[in-house]
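Two complexes are shown next, each including subunit A; its partner changes from subunit B in the first to subunit C in the second.
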Partner chain A sequence: MAERFGPGDRVQASRTDPPYHTRLPRYARGAIGTVMERQGRYPLPDRSARSLPAEPEPVYAVRFTARELFGAGDHTVTVDLWESYLRPAALEGNR
Partner chain B sequence: MSGDHIGPAATLAAQVRHLEGLLEQRGLVDATELDRALEAFLSGSSPANGARLVARAWLDEEFRSRLLADATVALPELGLSMGGGLQEQRLKVVENTEDSHNVIVCTLCSCYPIALLGPSPTWYKSEAYRSRVVRDPRGVLREFGFVLGPAAAINVWDSSAESRYMVLPRRPAGSEDADEQSLAARVTRNGLIGVAPV
Partner chain C sequence: MARINDVGGMQGFPPVAQEVDEPPFHADWEAHVFALNRALIGRGVYNLDEFRDAIERLPPQEYLASSYYEKWFRAITTLLAEKGVLTEEEMAGG
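Up next, the complex of A and B:
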């Protein structure tokens, strides 16, 4: 599987709140950020934690502004996210 | 369900002991084997390792570039590694500058580069630090007695996947004549997390 995203790409984190283990932090759900770097490929914990087959997939460092995440603040938060948690921000219509 | 690691540490410790007891009872692990593995892992783990990396980076511009570009590859130059645990983790070093400051957290649990920083402090694992530092890093730093100038932009790094982070603090003013060893001695664990200047 080729990397879907690269540095500079605008991406939106999933809004789904799954009923199983996930490593998409709640505060980042639905937020739009910028890919900073590719970090390699690792099995998706949402699957591996349930003992389901989990092929390694790309993980990205994604930077969000505090304003985007919390509605206030002048800092940024960079979160490491599996590709399954992300979609291109440009394709996202109503948020 | 990203917040399912909460609960008093005492309860967790009791659960781990219970599980360990069951595994031993069924002959799946040997108690001394577990102790040996833990000992081997922790014996080489100390913030002195992170401090050595920082001092070398302050003195050697080329090493600094390599460390920032790909820390995992630069570590062996000082005889260090991220290994010792279950898997060798990727390290990312983030550099403080005059106008940009970095702080490390793991909001989901307590991910931390143990090999380079030693076992993590209790506050790092606390709900208070994990939930507040992403929202109000400037306020949290102030509580550590670290007042950052208003011009410095803050980047918080949430170790939510398989990379581990370490901060490269700014070299203290007036340390121009210091040698590598005395520079390393000035670096603190909190400086490597980003809640202290050095």
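Up next, the complex of A and C:
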């Protein structure tokens, strides 16, 4: 599977709240950020947490502004996110 | 909040207490819990993400009231029962 995103791409994190372990922090759900770099491929924890086979998929370092995440602050927060958690920000109609 | 999301970022708490020269473990049982978890994952009884999921399945009030290795111990006992390694009765009996 080719990487769907690359550095500079604007992405939006999923808003779903799964009933199992996920590495997508709750504070980043639905937030829009920028891909900083590709981080390699790793099995999706959301699947291995349920004892399911997990093929490696691309992981990205995604930078969010504190204002986007928390409504205030001048710093940024960079989170490693699996491709399944992300979609292109441009396709997002309402937030 | 339906369940704990154990990846940080929960707000509304005081600053994390900094401990000078903090030891790796504060009691011997913590080291045993640490070793037990490494051994069980190493032997493939469960994987790291199943372990993290088991921590997050603790009732939120219990998660918030437990220390770091108390959460580990609870998760390990949950998984040992679910994987059929030990029964609840065997664990209760020591």
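Operating definition for what follows: the second predicted complex is superposed on the first by the 95 of 95 C-alpha atoms of A that agree within 3 Å, B and C clash if a C-alpha of one lies under 4 Å from a C-alpha of the other, contacts with A are read in each partner's own complex, and residues count from 1 in each chain.
Just so we're on the same page, a residue touches a chain if its C-beta (ideal position, glycine included) is under 8 Å from a C-beta of that chain, and two chains touch if they have at least 3 such contacts.
Model, not experiment: these values are computed from the prediction.
*Asks:* Using the superposition on chain A described above, determine whether A:27 touches subunit B (first), subunit C (second), both, or neither.
*Replies:* both
*Asks:* Considering only touches as defined above, state whether A:39 meets subunit B (first), subunit C (second), both or neither.
*Replies:* first
*Asks:* A:50 in the overlay: touching subunit B, subunit C, both, or neither? Say first, second, both or neither.
*Replies:* Touch status of A:50: second partner only.
*Asks:* Of the two partner chains, subunit B (first) and subunit C (second), which one does A:74 touch, if any: first, second, both, or neither?
*Replies:* Only subunit B; A:74 stays clear of subunit C.
*Asks:* Give one of first, second, both or neither to describe whether A:89 is in contact with subunit B, with subunit C, with both, or with none.
*Replies:* Neither partner.
*Asks:* Output check: A:19 vs subunit B and subunit C. Expected answer is one of first, second, both, neither. What do you get?
*Replies:* both
*Asks:* Quick check on the output: what are the common subunit A residues between the subunit B footprint and the subunit C footprint?
*Replies:* Touching subunit B in the first complex and subunit C in the second, residues 17, 19-27, 70 of subunit A appear in both lists.
*Asks:* Can you list the subunit A residues touching subunit B in their complex?
*Replies:* Touch list, subunit A to subunit B: 17-27, 39-40, 42, 59, 61, 63, 66, 69-70, 73-82.
*Asks:* State the interface residues of subunit B toward subunit A in the complex, per the touch definition above.
*Replies:* 1-4, 90, 92, 107-108, 134-138, 153-163
*Asks:* Can you tell me which positions in subunit A touch subunit C when the two form their complex?
*Replies:* Residues 17, 19-28, 45-46, 48-51, 70 of subunit A touch subunit C in their complex.
*Asks:* Would you tell me which residues of subunit C are touching subunit A in their complex?
*Replies:* Listed in rising order, the residues are 1-3, 5-11, 47-50, 52-53, 56.
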